[in-house]
Amino acid sequence: MKHRLFVAAMLTLPATAFAQNCEMKLGAMGPMSGGAAQWGLAMNSAAELAAAEVNQEGGVKIGGKTCKVVVVPYDSKYTADGAAAGSNALAAQDIHLIIGPVGSPEATGIKPVAARNEQISWNASYAKNALEPKFPLMFHIAPGPSGWADAVIKRAMKEFPMKSVALIAPNDQGGTDIASVDAEAYKANGVTTTEEYYQRGTTNFAPIVTRILAAKPDVVDTASSPPGDAGVIIKQLRLAGFTGAIGRLGGPGTDEIVRVSGGLDVLKNFYWFETVPTGDPKVRAIDDEYKKLLGKDPIGGTAVWADLPAARMTLKAVSIAGTDDAKAVAAALRKMPVDDPNIGKGYWAGKKQFGIAQELQFPFGVGIIKDGKNLGVERQEVKPE
Amino acid sequence: MLLRIQDLWVRYGGITALSGISIDVPEGETVLLVGANGAGKSSTINAIIGLVPVSKGRMLFEGTDLTQIPCERRARLGIGYSPEGRRVFPTMSVTDNVLSGAFGLGRKRQTEALDWLRSVFPLLVDREKQPAGQLSGGQQQIVALARAMASFPKLLLMDEPFLGLAPVWIKQISDAILQLRARGTTVLMTEQMARPALKLATSGYVMRGGEVRRSGPVDAIRDLALADEYL
Amino acid sequence: MRIKLLGWTEIVALLLLSCGFIVPMFTRSVLVYSVLNQAFVGVIAAESVWIMLRMNLLSFATPAFMAIGGYTVAIAGQYDITDAFLMTAAAFLVPALVAVPLGALVLRLRGTYFVLVTFVLSQIMQLLIFETPGLTGGSNGISGVAPVTLFGAEMGTNRLVLEYACGLAMGATLITGVLTRYFRQHFAAIEENEILAESLGLVVWRYKALGFVVAAGVAGLAGYSLVNMLLTAHPSSFDSATAVDFIAYTIIGGRLSILGPVLGTGALVYATNLFGTHGQYAQGLYGVLILVVVLAARGGIVGTIAALWRRVS
Amino acid sequence: MDQFIQAAIIGVSLGAQYALLALGFTLIFGILGVVNFSHGGFYMLGGYVAYSCVAFLGLPYPLAVLVAVVATGALGWVFELFLLERLVDDHLATLMLTLGLYLVVSTGLLTVFGPLSMEFAFPVTGALHMGPIYVPRENLIVLVVCLAAIAALWLVLFRTDLGRGLRALADDRAVAMAQGLRPKLLFPLAFAIATGLAGLTGALVTPILSLSPNVGDPVLATSFLTVILGGLGSLEGAALAAFVVGIVEAFSSVYFGGSIGALVLFVLVLLLLVFRPTGLMGRPVRGA
């Protein structure tokens, strides 16, 4: 018996938590270092805010008691192994609910492990198999491009007539899974497409820009290139004399792109997808609330806003279920109406694409910059599938 | 006494290279260490310059115990070193090789040293830009000597300067050493080839198996030294 | 002189690893399972690095051979080939066979050139995976790899997966131990001074090639174990940057004996998990740990223990 | 044809940037025998120091670049003198130490500056257009600075006492020490020069490209490639190889695309090493 305790204590040392009166731990997972750090840190910020909101009211209700929510972050490093290890590390702290992970490799890695550990996880990846019916505890923070690309393209075509588009994205799963879906959506709207993939870690895009421009596209779409990369690509496209519109049917990060590329004048004509309608003052108010409750600025930009509803709903579901058991929380979640005080009304989606309706579909935004003037982000309402 | 070595022991791993030798190098003289391969000649030189650690004993250079001073500071005390097998800096030009021996002495003294060495060794002018690694063995020996002399040391250590050289080069190097001695440099040299070396030396030590077998003026050790040469 | 097949260090290493069979009797903590599982994968990979270090060659190619081993198994799984013995053999032999022609190319290089060329090899492997979506699933990898079967029974539970990983790690340790013991003097001669060894009549290339091929096979086993743990073969698992981790395991552990990779992996995998819950500070803490260990513990963990032992006795 | 000329121009400008990085990397390797895994860290640090000087202190950009060079050089000097120097002959230990430093530096930058890219623009923008061909002005400046830096480094190494001392230590450490050359004095200086070069590159290039706490990762890979191709420890080789890598990367990316372009480059380096194991201008090797 003594040995058993010793072995367990030695090996679970990182997990040793001095159980307070009543406390519920919420995992926040994603890459928190390296190139995609901001997405993981945004997950953490969203989880922190949702927890702070609930704690303000006393906490979540578990078995008649009110428990304080504590967020435990995990750096899953944008790899399959990192996410798998993270699922286990969090499970060892008796954490059944995870906000995150972020990237496609992480989503792939956490799937079987979180199922084994009976954990809910909310991935934000745009992977083609972000959800699968055989993993009923997996949830999806927002739809991939198949959910919105068509609407964004239709809106953009009104502003910028186009016949051909060149898509550019990194050559790994985070790039190919999105650019290829974007390309289908463009084709469906009668636009011819070429796809160009670069090696992640490329810093100077001048040669690739030259290659893209040889095909003389009307529009260049930076898809899911990280914002830093996209900013450089745009800067170098303009330098090379490209005057057409530039699109971004990928992730958030427009502010960063504006900074890196050199300003609105450089972007000139630009349209992009926002996971949430960022032009809405109610949505922007999230940052103020974060600052008020946590006394610092959130890290991760607009991604925090997109991740927040999932964290809020999860904590709400805990109180409804009266437990943080993953299966019970998942059951409560599925029955909950999708409505966020800041973002607005949405729906459960995903049945059509994944065969399981565990994807949050909220109103999203289409941003337009025309002739160097930011016309703002238009709100796009969504309809149930 | 410029250099006084007392009861010097050097061990590498389990092997004893020097077992308690004592050597005196009086100012202005040329002292020769002769002996066969493995007699401990190079170990003595390396111990003085600091390339091998000393396990016991003292080495007093002008009264300062060298064992307390790290290798790279011993040159500053006035010890020049021409290593066994020349070991010139192969990628560096002849001039740079020489000047590296006068590191940090200031441009004036460096120019002075270079001018004097070039007058002694015309080779340094003819080959000034050539990488030292491309020179012949004898030429490299000249460069190594010049490098060692560039700081005008009080004591010049020469480890096997004739090793692998043709007689014509041995003659040239010998002349060079005589010229250096004329400048008042004290020399401690080792050599397997006793015959040409004995012509240069004033006194000597015959070493065998890490010990000194006989010492004294050149004439006193000549027979033993020559006997060893053919071992 | 009699050549021993195993020394006491190898036996201690095997005993340490065998805790993978013992621990599940006492605990069901998922973290314990997870840390041990990662450690078993890491130990195998670190041993692959260590074999090459015995010959004074620092290899960054481990992830490349891990990928070959891992993808071999994942692809075989798609054809319903899951037998444990068959897969273990394949995960060892396929990378080993690939290493034969590669070795002929890269073993001509020494020192830092070898380091850099093996780094390039693992970069090429990543790009090859991306460029062959038909075979390897490209950037998406192969997910849902079928669990291995031992005598027809599926090894699906956490505990069985852990025990299987433990078995693989012990197997790899046995292979590594026997190889480095049997050729101890040859490897030592090459490590000490390759040119001298050659001039003394040792056919250096033969032993280097052997070491390279076995190291590749051992790395393949690590890839197999990793794929089996994740049930996914994904390019991010075999990123060239992970080579640095395996080298760190070996050097932090100490290169003196096979206990080095075993202890080093244990310590660093444990630390990685400990730091993982520090979010963005994880990498930095890991960096500080490396700095401290390298500066404070010369010769790694094993070297320090040995030094302490000598002082005590 | 236009595309061909454009690719060549891009290749040369890439080459200039790679040359600055590779020179520092090969200097540290050639003289200290250390494979510097923290090279990318100093590159990032140079970028952030220059950025901070411009954004927070309001310094003019050229002065900010100078501050960045001094700051990265000073950090390199301190790191070599107090940490690296203790284990400088143990190649594995120095590899681990520089790796540890890199992890600490990148985490520090992430913590202080956050994960997002900074707004850091090069003061000179625009391009010279000649028909369809264009040359960005900023690239011309980088090229000029690169050539100036190569010239300055050459002068230091081949025309000063310091340079002679460093080359002597690189050629034969033991004999150099016996000649009175002090590694404890010279190695930190060499390291500082090299890290200062990395900092210079960062301060110059990050405003042209982007500045975030992960831009250091590719630096190491590029430096590796360039230095192997050029031959370890050879400055001329590194400079030449940098332009070869830049041009090959430009042409293969333009004609085959980014992903295959990288593959072409790697395979080319691999083949070169197989047929010419010491690189373009390499010398025999040290142990790893």
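Going by the order they are written in, the chains are A, B, C and D; count residues from 1 in each one.
Following the convention adopted for this analysis, a residue touches a chain if its C-beta (ideal position, glycine included) is under 8 Å from a C-beta of that chain, and two chains touch if they have at least 3 such contacts.
Quick caveat, the model's predicted, so the values are computed rather than measured.
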| item | value |
| --- | --- |
| Chain at maximum distance from chain B, centres defined as averaged CA atoms | A |
| Chain centroid nearest the full-protein CA centroid | D |
| Distance from the mean Cα position of chain D to that of chain A, given in whole angstrom | 35 |
| Inter-centroid spacing, chain B versus chain A (mean Cα positions, whole Å) | 73 |
| Chain C and chain D, separation of their C-alpha mean positions in angstrom | 31 |
| CA centroid of chain B to CA centroid of chain D, Å | 41 |
| Chain D residues counted as touching two or more neighbouring chains | 106-107, 110, 115, 217, 221, 259, 262 |
| Chain B: positions in contact with at least two other chains | none |
| Multi-partner residues of chain A (each touching 2 or more other chains) | 33-34, 37, 41, 171, 199 |
| Pairs of chains in contact (touch as defined earlier), listed by label | A-C, A-D, B-D, C-D |
| Complex interface listing, chain A residues touching chain C | 3-4, 7-8, 11-15, 28, 32-34, 37, 40-41, 44, 72-76, 78-82, 84-86, 88-93, 104-105, 108-109, 111-113, 116-117, 127-129, 171-173, 175-177, 199 |
| Contacting residues of chain C [partner chain A, same complex] | 23, 26-27, 29-36, 38, 127, 130, 138-141, 143-144, 158, 226, 229-232, 234-237, 239, 270, 272-280, 282-283 |
| In the complex, chain D residues that touch chain C | 29, 35, 37, 83, 86-87, 91-93, 95-97, 99-104, 106-108, 110-111, 115, 217, 221, 224-225, 227-228, 232, 259-260, 262-263, 266-267, 269-270, 273-274, 277-279, 282, 285-288 |
| Residue ranges of chain B touching chain D (in the complex, touch as defined) | 49-51, 71-76, 81, 83, 87, 89-92, 96-97, 99-101, 103-104, 110, 147-148, 151 |
| Chain B partner contacts - residues on chain D that touch it in the complex | 158, 161, 164-165, 167-168, 170-172, 174-184, 283 |
